[in-house]
Amino acid sequence: MTTTLDAPAPTAPQPRHRAANRLTWLLKQRETGIAVAFIALLVVTTAVNPNFLFSTDGWRDLTLTPAILVCLAIGQAMVIVTRNVDLSVGSTLGLTAYLAGRLFLDTGLPVIVVVLIAVAAGAVLGLVNGALVAFAKVPALVITLGTLYVYRGIMLEWAGSDRINASDIPPGLLDFGTGSFLFIPNLAWISFALLAVAVYLMRSTRVGREFYAIGSDPDAATLYGLRDKRRVLQAFATSGALAGLAGILYVSRYGTISSGVGQGIELEAVGAAVVGGVAIFGGSGTVLGAALGAYLLTTINRALPVLGIPDFWQQAVVGALIIGAIVLDRYFARRQHDKLLAEREEA
Amino acid sequence: MPDTPAALELRDVAKSFGPVRALRSGSLRVEAGSIHALVGENGAGKSTLVKIVAGLYRRDAGDYLLAGTSVDFRNTAEAKQAGVAVIYQEPTLFPDLSVTENIFMGRQPTNRWGRIDRAAMRTEVVELFARLGVPIEPDRPTEGLSIADQQLIEIAKALSLDAKVLIMDEPTAALSGNEVERLMTVARTLRDQGCAVVFISHRFDEVFALCDTITVMRDGAYISTDPIADVTEDEIVRRLVGREVSDLYPKLEATVGKPLLEVRGLTRTGLFQDISLTVREGEIVGLAGLVGAGRSEVAQAIFGVDPYESGEVTLDGQPVPPGDPRRAIEMGLAFVPEDRRQHGLVLDAPISRNITLPTSGRLARTGLISTGIENRSAADWAARLEVKAATLDTLAGTLSGGNQQKVVLAKWLSTQPKVLIIDEPTRGIDVGTKSEVHRLLSTLAQEGLGILMISSELPEVLGMADRVIVLSEGHQTAELSRAEATPETVMRAATAHHSTTLNVSEAS
Amino acid sequence: MSLLAEKAPARTYAAHAKPWWQRTLMTRDSAIIALLVVVWTYASIAILNFSDPITVYFLVLDIAPILLIALPMTLIIITGEIDLSVASVVGLSSVLFGVVHREGLPVAVAMVLALLACAVAGALNGVLVTRYGLPSLAVTIGTMALFRGIAVGALGTTAITDWPDAWGDLVQARIGGSQIPLMTIPLVVLIVVFAVVLHFTPFGRGIFAAGLSKDAARFSGVNVDRTKLILFTLSGLISGLAGIYFTLRYGSARGDNATGMELQVIAAVLLGGVSIFGGRGAIPGVIAGVVLIGTIGSALRLDGLSANLIQIITGVLLIAAVIAASVLGWTGRIVGTHRLPKERGEQSSDEPSSKKSE
Amino acid sequence: GSGSGSDGEGGGDTSSITFIPKNLGNPYFDASDAGGKKAADEIGTTWKQVGPTESTPDSQVSFINTATQQRAGALVVSANDPKAIGDALDEARNAGTKVVTMDSDTEPQFRDVFVSQADAAGIAKSQVDLIAEQIGDKGEIAILSAAANATNQNEWIKLMEEELAANHPDIKLVDTVYGNDDDQTSFDKTAGLLQSHPNLKGIISPTTVGIAAAARYLSDSEYKGKVALTGLGTPNQMREYIKDGTVKSFALWDPEQLGYLAAYAADALASGDIEGKEGDTFKAGDLGEYTVGADGVIVLGEPTVFEESNIDDFDF
């Protein structure tokens, strides 16, 4: 029981030592762990080969290469937080990238318009997922597995053996994709901006908090009268829109669009979110963590060859990392749970 | 009828879940500035009524008026908007989110940019908790909080709504004396501010101490409403049960034989300590205590679905291995769990599969089993227990509570057990079936079964048990013979040995 | 009255609410089998060369690995779990098989060693899921990358192609002079074994019970964790078998064999009427699902249509199949049929609970 | 050419030629496809391209099987694995379909003839010579290949290594990475190469996807102009990088001519004009007469080297 005798009338909890608490709070965050792992990886790799960080391209690729995955991981994290999953993002990315390519080739619309169309198309594809999940009450895993096939199939059917080359794409977009501003690549800026918005959305707005609530306990969400259908739609639409944007980023960075664009990247996005501490059954984890997870995964891929590990082993390392992350997560969750229980016993 | 419209009024409201008529004709009229008791047996339909008021369920028929205007809420947010706050029977919190967030979810204060004002939320929570006298850290997650603490958060949540109608569905079930006292103070304050409060409880002392009006429900229907001053406890009980209470406990004489189930020093830190008990042939042993005393945990540990740290369990002299329910079943132990829907039945499976699940190994011929074999066995046992169902492929989840309990009993009796452990045998079962179950238990004991019966209903324990063992906060505090067991002795033991807190209530 | 000893009183129960033909014909299984028959008939008539017996030969050889893996996958999904690592285990099996063979061990020995390793890989999934209580979706996303990574890492740039021809010929042999592959025999045996285990043994009853209600099954003496562990191990073993098949059929041990096949398997299983929530499904439907996808692919290719349409159709069928269930449930509710809340996907009648699946 | 042949029982079109590239959506094979189609039109037969979206042998097998079912007259295949598609090809040949491999060969027993773009040693030598010239015959180089199992790639790599060891002792091959003929992978692998080998002087990418991706990475990196790049690429993909100086020169045979020749070879086989034995000769339209060499290999000719001065003369 919670009441004690010796405490007079219980009062509000004591204000704590702010600074010290901040520090312990920071240390306890899941994101801190990933950030530390990421930095350790950078330090070790750079020690082996200074070029990894201290060269123009090394520095550039550090933030440029993960930008696309960060974009997808943010969307994926939002969806997973609501206790769903979006496996169709790879296909959405492919389809929107091809759409953008075709628009450049066939219409000559200004770049910005094409970007908006691609993002909107991604959002629509996401909405289709969301609607099927929310209204048909079918698990997102099945639905998005289905749309993974459908979206990819549509793209392949449309593209045939067609392929869009760098020369078909407006040079402005390509320059943007490889250009920098203040020593940081443009695409990285975009991913930072998205991340900032997403963090704000998920931490400080009702929509974001309701995402967490729905994922934490869908039944309770119904009791609270939260508009869970609408929220699920929003989460999927956001994920789709981000995949659409990722499609554009892909075009601007790689300059060619072939039929396989984005194939398999959905699992990398889920992997990034999981490594980043987003619980696969919803309710906890942050977009920042997912983004850090994306950084870690991408950078490991780049670092292994530098460290002398044949790149064939990259996937194995990534797999071990994902498993390690969820085992660790469970361990910390248990410890936290036990601690909370113990606190209760003491009280 | 008074001419001012009541704050909340329900007239002949009905609600069915498939074949289950949870509410046939529920009526309730609560005036502003009053505390209104709603009482009724388990399954009388109180919670269903509440959920209709809350906008969680939509009524099938009847009228629902708030301050004289007819309303029809499609979800709980609309009801909240209209000033209805509800504390549900089971706490409903988001385990991953902080206490503060839980209280404000869906209606957080925001600034112009949609940014949630965390500081304002925290300030308000601190104030609320101070008012309630609750020492809970507002920033911690609700995961791991005790049921009592969760209940307090629910109360804080309802208070923060500044509601015109506040409904509390058994808020005190898990609270200690002090906490109940504080809750009552809050309820009275709200009443004085003009709020209409509905208070649901099975504890008549609380009802009589707090409420000014009382409505009785039975079997999903309205029975009566009276000023509390005009009725006595006995009168209410009679209306509640609808028949003479003595009918309910048809205890038969049974010859008590050799010891069957013996438990020695069973311990699981934090849940129960050093529990020792013996159940003999033909004997019904009652395990009494307050909700949360750890009785279910003990039973689950004995049966092997939960672990324990030390102690031993033997059946008919043979040690029952820990953590192996299948072996326990083979040895002759059967366990009817407390939570029928979660643990007792596979709700989405047919009656036949449910009954034969623990015996499928035995029923199989050369390792193979078929629906035919299952149906023959299931039909036999369903008939013995008089399960009311047309076909054996009826899904268990569609049966009424009483019939579900009969299916569970059929399932366990088909294993031909020596000892039956039964946790809350009649929870959520209507009055008729209740006495059937009791008669059944008596008959089984007469046929030589040992029965360990856990029950929170004192009359049930006193009416049925040959011997009563009482637990309090995980400790065994008394073992009383049938003669020694009275409401007073059992209750004293059930509240004894509380650590610091309860010394007060003993002293007072 | 005597409950335990005496014969039961006269009350009797009908075994079923509906006549047998309704119970057999009005199911997801029958629907998918009917669809298969329709598609097959249509293709035979409308598509040139489809009715040729060699179609069956190629079809069986093509779908064999998917069919194999679909069997344990069905059981796993019925317990409410999932295994995404199967295709990676196929690659792992292929590579181990090849590497061990390259070291000079006989094919049969290499086969056994590879199968053992794959069973261990499956057991690793099982242990992580049951002992540590981790969600199988996350676990097998991890092991999917891990196993594939080991497979690709172990073989590097090479593919091992020096297999004795006898083995490859055996895998592709025909029965007598017919166009039916010899592989059909072990496939049918395995299908029968899995169908019997799932539908006619106490173990199978436990699988269904565990999928419908883990707790109720446990409280009834079903060892849910052990069941799941066995199934994951089995899944590894059978995927290993599929890897051996892959290697011998193509005469090439490669790390990237069967990339992406996990999604095909899961799509086929779900199309075959297995509920992703667990607790529902049957082997005949799954077989029909696998054959249906294979048939559509074969027919479209013969018709000169691109492989892409196959993807679209697979996806649409998958979505349509699951939505059909919930749409049926929904109309059923309106008409007043009594289906359970969980199935019709509505929480209104569920007691509010704060339980969270772990 | 002729178009006649005995009708199979299933009623297949025995004069048809089915072309199965490594994967669809590859401009190199699209050029071959165009060439094949042109030849087929001249001959008066049908030519169609079908194939998998990923370049794996098992997905290729399904398409070979389908062609078998359709009793296609001849099959032109660019093999994703020398052995893995062998049995399927056998099956096709048993059903009477002639098999021509093109660009990437299987083991000789599985096909009738192999239409080779150039002989492997010649390709390897030309690549090594191009890079040697550009880096002054000295320093570290690396190879960016396609799939790790690609037959032709691996053979060229082996021959390049031999050529380097024999004639260019100062050039050191420090790494070989695999971009799987995927843009993104090839792009990222290029980045990885440059970082792991700071002293890298040149990259050879004997695959069209690889060289384009590598060129695109180099073109806006600090290595532009410092690290040489050569390999096999199509002029259309590489034009930009030749113009901006990222790439000095690269080589390729004309893939369109390759398809054209393969179609003629396939038709000659299907109509029984040749059997694929050494010494058989046939006429390949505009390209003139070709002779089947040892092991059933037909060589197209020497690769063309593209550079600033001549690149605008080509469009494929």
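We just call them A, B, C and D in the order they show up, numbering each chain from 1.
The rule is short, and it goes like this: a contact is a pair of C-beta atoms (placed from the backbone, for glycine too) under 8 Å apart; a residue touches a chain by one contact, two chains touch by 3 or more.
Treat the numbers as computed from the prediction; the structure is a model and nothing was measured.
In this structure, the chain pairs B-C and A-D differ in their number of contacting C-beta pairs, and the larger number is found at B-C.
Most remote chain with respect to subunit B, judged by CA-atom centres, is D.
Mean C-alpha position of subunit C lies 39 Å from that of subunit D. Separating the CA-averaged centres of subunit B and subunit D is a span of 75 Å. Annotation for subunit B: residues 56, 88, 92-93, 95 touch two or more other chains.
Each of residues 53-54, 148, 178 in subunit D touches at least two other chains. Among all residues of subunit A, those that touch two or more other chains are 156, 160, 216-217, 219-220, 222-223, 283, 312.
Of all possible chain pairs, the ones that touch are A-B, A-C, A-D, B-C, C-D. Taken in their complex, subunit C has these residues touching subunit B: 1-5, 8-17, 196, 200-202, 205-206, 208-209, 212-213, 215-223, 279, 338, 340-343, 348-349, 351-356.
Note for the complex: subunit A touches subunit D at residues 49, 51-52, 55-58, 60-61, 65, 156, 159-163, 165-167, 178, 250, 254-256, 258-261, 263, 301-302, 305-306, 311-312. Across the complex, subunit A is touched by residues 54-56, 75-80, 88, 92-97, 101, 105-106, 108, 110, 114-116, 118, 126, 129-130, 133-138, 140-141, 143-146, 148-149, 152, 176, 178-179, 270, 498, 500-501, 503-504 of subunit B.
Taken together, the subunit C residues at the contact with subunit D in this complex read 48-50, 52, 54-55, 58, 62, 156-159, 161, 168, 172, 246, 249-252, 254, 256-259, 297-298, 301-302, 304, 306-308. Per the touch definition, subunit D reaches subunit A in the complex via residues 24-27, 29-30, 33, 49, 53-54, 148, 175, 177-178, 182-184, 187-189, 191-196, 198, 212-213, 216, 220-223, 236-237, 239-240.
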